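Both of the next two complexes hold chain A, though its partner changes from chain B to chain C.
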Partner chain A sequence: MKYLGRRLIHAALLLIGVSFFSFALLQWAPGDFFDELQLNPRISARTVEALRVEYGLNQSLPVRYEHWLRSVAHGDLGFSLAYNSAVGPIIAVRARNTLVLTGAATLMAWLLGIPLGIWTATSGRGWANRILGVTTSTLLTIPDLLLFLCLLLLAVRTGWFPAGGMFSPSAEAAAFWPRAKDVFAHLFLPAFGLAVVSLPVLIRHVRSAMVDVLASPFLRAARGHGIPRMRVLFRYALPVAANPLISLFGFSVATMLSASLIAEVILSWPGLGPLLIEATLARDVYVVVATVLLSAVFLVFGNLLADLLLVAVDPRIRME
Partner chain B sequence: MGRTRNRRHRAWGCGAIVVCALLAIWGATAIRPLNAAQPGEELAITETPVGRMGGSLVIALRSEPKTLNPALAVDDPSREVLGCLNADLIDINRQTLKTAPALAKSWEVSKDGKQYTLHLRRGLRFSDGQPFNADDVVFTFQVLLDEKIHSPQRDLLVIVDKPIAVEKIDDYTVRFSLAQPYAAADRIFDGIAILPRHLLEATYRDGKFPQAWSLSAPPSQFAGLGPFRLKEYVPGQRVVLERNPYYWKQDKSGNRLPYLNELQFLFVSNEDAEVIRFEAGDTDLLSRVGAENFTMLQKQQAAKGYHVADLGAGLEYNFLFFNLNDLSSKGKPEIAAKQAWFRDVRFRQAVSEAIDRADIVRLVYAGRATPLWGQVTPGNKLWIDSALPHPQCSLDHAKELLRSAGFSWKGDGTLVDPHGKAVEFSILTSSSNAQRTKMATIVQDDLSHLGMNVHIVPLEFRAMVARLLNSFDYEAVVMGIASGDADPTSEMNVWVSDGETHLWNLAGKPSTPWEAQMDKLMQQQEVTINYAKRKQLYDRVQEIVSQNLPVICLVSPNILVGAKDRVGNFRPAILDPYVLWNVEELYVR
Partner chain C sequence: MQRKYKFGVVIFLLVVVHAAILFAGFFAPYGYATQNRELPFAPPTELHFVDQAGKWHVRPFVYALADDSDNPGAYRTDLNTRYAMHFFVQGTPYKIAGIFASRVHLFGVSDPGRVFLMGTDEFGRDQFSRFLFGGQLSLLAGLLAAALSVSVGIVVGGIAGFYGGWVDDLLMRGGELFLALPWLYLLFAVRAALPLHVSQAQVLLLLVAVVGLIGWARPARLIRGVVLSAKERNSVLAARGFGASDAYLLRRHVLPEAYGVVLTQITLLIPQYILAEVTLTFLGLGVGEPMPSWGSLLASLQQYYVLSTYWWMFLPALLLIPLFLAYYSVADAVQERLKSVAL
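== the complex of A and B ==
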């Protein structure tokens, strides 16, 4: 409990730091949200200035940050200059969509990564293992952007997958199952892409953890006692190899989130990515800060969850 | 006795049935609007071919609309959606670029040109079934003119620092009084959505109008006079509109428009995503695409059941201009030293003559653009001065001009000014606009033939605007202006020297005799009602611009659009909204 409390205080301080620095960086960047209006010959500079005053852009950084902190306390997360409404409801739906995507991708990555990692650790130096090694090395070198562009090309050229979005325009009136099927069809490609992004690292970590464990005397004894191979691997070896993998889980949340921003923009998934890019370019400060803060929350709690899992599965860490 | 009672019962029964039937018919006509015009309704009749009722169309938006409050919307996606939900008093016909009756069936102008009396159509209803009358018009203008609301449309309604006065004459007549005659007064009504007083007055009185009609508001809170009404908004994904059963237009056969039951706006992240969704069959209309995508779509159009169209030059003009601001108080001696070149009209003329506009058209726009020598594009047929000279690209003449201005060339071909300083300057462009960066690169290459050393500096758009309008920390810029209207009054702020977008020199007063003359001409045309006289005045402005080159106009990109073959009455225009301006007439074949 004490450990949890300490971690939560650290997390809160980290989030305050992240929010302040993103706030300050946006403040220091040249130009503001209303600059574009200044170039509209049909809108006067007086109106633009009045809008700046109305939305408090003429106030100092500490004053604006304090106002923002208060709105965070109310759950609004600030006020979007573009949408003319509280930021909280704007990002809530998109955050859910991002979570759906990253959740599906994480599940896919781990469901593929663990068996493949174990297989590479146990299958010796066969040709299949070599092919997998080359494939993962190649995947590591491909930039995320290129990978998602290739997936988009695949969808457009073959027509096997939808070319973007979360629903088909025609699925709106459909019943639950056809609609769920439609969402799954749209989800598959971006989730698969994200899974592929994190798969090489995951496979290598699982492999290395398993190779270390498989050499342990207790596993040789288990095999000597005639326990079936699969039972040895999944029941005895994997739990022992789990520690570094659980830590990796915490980091993979961060990798997944940054990659998901690119996936969402290229494959038109209605998550936080397109909103963040649009808000950054438009200098919609509070939307950017809230989105960055939310990403930081996901990251911090991903790591916290991993640490708590470690505490739960490893009695040595509990003792420390 | 018993038979008589039976007969009486039967008679009562028949009577009750007849009464019920009549009540049902009355009820149906009273509650549900009929397809045909109701008695007392003054519907507008369209001239386009008769279409088919029903169906739906999907179109992509390159970003989400930010608000559905017409008084506050400034972004293009919001305005595109709002254009389908609302109607204005007087409309600009996108094909003729002239004004046409809308909610106002007619209007009169007083002899002194200061009063406009608008006669409204009778019997119209908002999309929630509530009646429309002059009170809604007066309320709308009251809201727009309220300084506390900060409506971006307010500036259009303030003429010579005095807001337009609005007066209700009777339920269907409204009078607008102006401080001085204003040539384009009837055009300012285009795009001003008439708001439902019955829904918004209480909110306005409570001081909560700026929060009204945000995207999170439920559809039942909205009502408008446009062809559609809000059905659903899904954040990050789409806006769905449904047919407004009370819309005030009908076709030649008496069918109440719009033909479509539903219109969906799908949010995509950029132009490429929009094209991909169109190709994949997810959308039916393509609002405006770049030349590369257009060429690719054109090759496949026959096989894929759609067609694309090049409408020619739009109203956007791209130009190069130099920093002619007074920099004495800005502490920028390096730029100030170069202003001696920039201020010499022969230097600007030489730059203009060295730029090969045909190359820009070919290399940047794959031939889908029109070269420009003035600020009015060939798309604006009402105002272009066709007598304007089109000097061909000529390096020899450009060198002659530079020589006459005291410039010379070193042995290695570098151009030097009369003090022996090499001519070197930078051009800012917006990094988010690939075409303008390419354009600047071609300009750089062309000017290198004159011995000028030009650097391209792509900057994030807002950072560029900050330098342009606040710090004046730039030497030259390539940018574009897309005018919202064909009329010259929409660009007053660009061409008069106290205008806030008089980009090359924001001193607020004329610095040269020709600028003073331009001010006078622009102010004269603004108050001259007669079109022919105005045209003469604005032609002179175009001549002054082409001779003195405060901005060196380069090209106007063509408007490139597309639609599935199943879309009927597709008549795109060069003025925004390009494909949806006649959305009520579109139908599914």
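== the complex of A and C ==
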């Protein structure tokens, strides 16, 4: 418990650090949202200046950071100049969509990765194993960009999947189940792509964790007692091999989020990725800060979750 | 023996690719901005040795490309008009490494024929030439950024590991800030802080700085680990006893131990950083027209009709795979070798 408390404090400090770092970085940036207006001859320099004063862009960094922290406490997360509303509600929808996508992809990756990893660990040096090895190391070198472009091409050419987006226009007014089905149809392709991106690393880790465990004598004893092979692998060996995999889950949140940014942009999934790019191009600083902060929050929570799981799974860690 | 052989092939491939990109002007038949407005989205040109009459030619030739009257926007090959391929021909002037001016190209076909090994884009620019010229920027950005990241990593990791105490805490906590963010999000946050529209000359500098400066935390961590164990060695203690200064100790006794980590990190980071440039430019935050980079070659794929109609627009991305594979296998080989040395 003490350990978890320390982890929580550490996480909170880290988030404060990230927030200040990204805030300071973007305030120090040259140019702001109203720069575009200055180019318009019909808007006088005085109007632009007045707008800057109104939105508080002329104040000093600590003052603005304090304002911003206060708005974070309200759940507003700052004010989006492009959307002309608080950032919180805008970003909440996007964050939900990103979570749906990455959650589905993580689930898919682990459901595929664990059996495949166990299989490569147990099935000697056959040709099928070798093919899987070559496939995974090739997948590792395929740029994410190319993978998602190919998936989009597949969707556009075959028409089996909707080509991007999250809803069909007709599904907006539909009842819950048809709508869920519609979202699922849109979800499949990006989630599958993300799962493929994370599979090679996952399979390798499952494999090496299992190989270590499979050599231990208690498994031979279990086999000797006539316990079926599948049961030995999944109920006896896998829990022992779980620790490094749970830690891997914590780390993989970061790669998943990065890959998801590309997937969202190419397959136009309305998540945090497209919002971040839009905001970067429009110099909508508070949206950028909020998105970056949120990604850090996801990451920190992923790691915390992994720690909690470790405590739940491994009695040795509980004892410490 | 076989492994050695494979490693040789990989190194050879890398050398060839880098040389082709360094001497892009020579290997590319056209300039990167040379337009053929009447030939947009022309498919890759086929090289032939046998003509319609079944006669063999020593010199390869290409057929002329004509508009397909039945199928607007598409092309058909005009089998009656042949253009022979020539080597070491005079063409668009270029400069190698910005210094040596020349007009000689490795190959080209006689006018008014055109040879497009990888097809053309919407302005009829030769994708093969643009791929080679684009590599100059992408590869240079990747190499420099990797060098920058690892240099910062050496300095920070070296100092943190060597001095320990509060210096170590401060530097490593700072590094955690960089590791606490998903890498692409961090890339965008830093990119957002820099001017959107930059001149051609600044863009390389900007990419290198952005990509290189956010990636230092991981190499710094690894190098710190090596330094921590290296500084306890008896040789270091002895040197200190002889009155060696900290800077001398770090330079001569401690940091050389991190040599292997530095080498693997650089080879692993280069492909990752090339991809960073590709991603940024693809999303419109990197290199602008008419300068090509591997990212801007792919940017047109964001349009559905390009994506679904012109398969050769995927070629630049496909060519990155063997390149990355080569880098990764060099990293693997280095790691393997270090392991065998350590044992």
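The criterion applied here is as follows: the second predicted complex is superposed on the first by the 320 of 320 C-alpha atoms of A that agree within 3 Å, B and C clash if a C-alpha of one lies under 4 Å from a C-alpha of the other, contacts with A are read in each partner's own complex, and residues count from 1 in each chain.
Rule of thumb we're sticking to: a contact is a pair of C-beta atoms (placed from the backbone, for glycine too) under 8 Å apart; a residue touches a chain by one contact, two chains touch by 3 or more.
Since the structure is predicted, the reported quantities are computational estimates derived from the model, not experimental observations.
Bringing the complexes onto one copy of chain A puts chain B in a clash with chain C. In the superposition on chain A, A:Ala29 makes contact with both chain B and chain C. When both complexes are overlaid on chain A, the residue A:Leu299 reaches chain C alone and has no touch with chain B. In the superposed model, A:Leu146 lies in contact with chain C only, and not with chain B.
Shared-chain residue A:Val156: touches chain B and chain C both.
Applying the stated contact rule after C-alpha superposition, one finds that A:Leu281 touches each of chain B and chain C. Contacts of A:Ser71 after superposition on the shared chain: neither chain B nor chain C is touched.
Legend: residue contacts after superposition of the two complexes on their common chain; A:Val265 is shown touching both chain B and chain C. Superposing the two complexes on chain A places one region of chain B into the space of chain C, and among 74-82, 452-460 or 542-550 that region is 452-460.
Residues common to the contacts of chain A with chain B and with chain C across the two structures: 29-31, 152, 156, 163, 265-266, 277, 281, 283.
The touching residues of chain B, when paired with chain A in their complex, are 58, 63-64, 66-67, 69, 72, 74-75, 147, 150, 152, 154-156, 158, 210-211, 214-216, 232, 234-238, 240, 264, 266-269, 273, 276-277, 279-280, 282-283, 432, 460-463, 465-469, 481, 483-484, 490-494, 499-501.
By the touch criterion stated above, chain A contacts chain B in their complex at residues 29-32, 35-45, 47, 50-51, 54, 82-85, 89-90, 93-94, 97, 152, 155-156, 159, 162-169, 172, 265-266, 268, 270-271, 274-275, 277-278, 281, 283.
Chain A makes touch with chain C in their complex at residues 14-15, 17-18, 21-22, 25-26, 28-31, 137-138, 140-146, 149-150, 152-153, 156-157, 163, 253-255, 257-258, 261-262, 265-266, 276-277, 279-281, 283, 285, 288-289, 291-292, 295-296, 298-300.
Contact residues of chain C toward chain A in the complex are 173, 176-177, 180-186, 188-196, 271, 275, 278-279, 282-285, 298, 301-302, 304, 307-308, 314, 317-318, 320-321, 324-325, 328.
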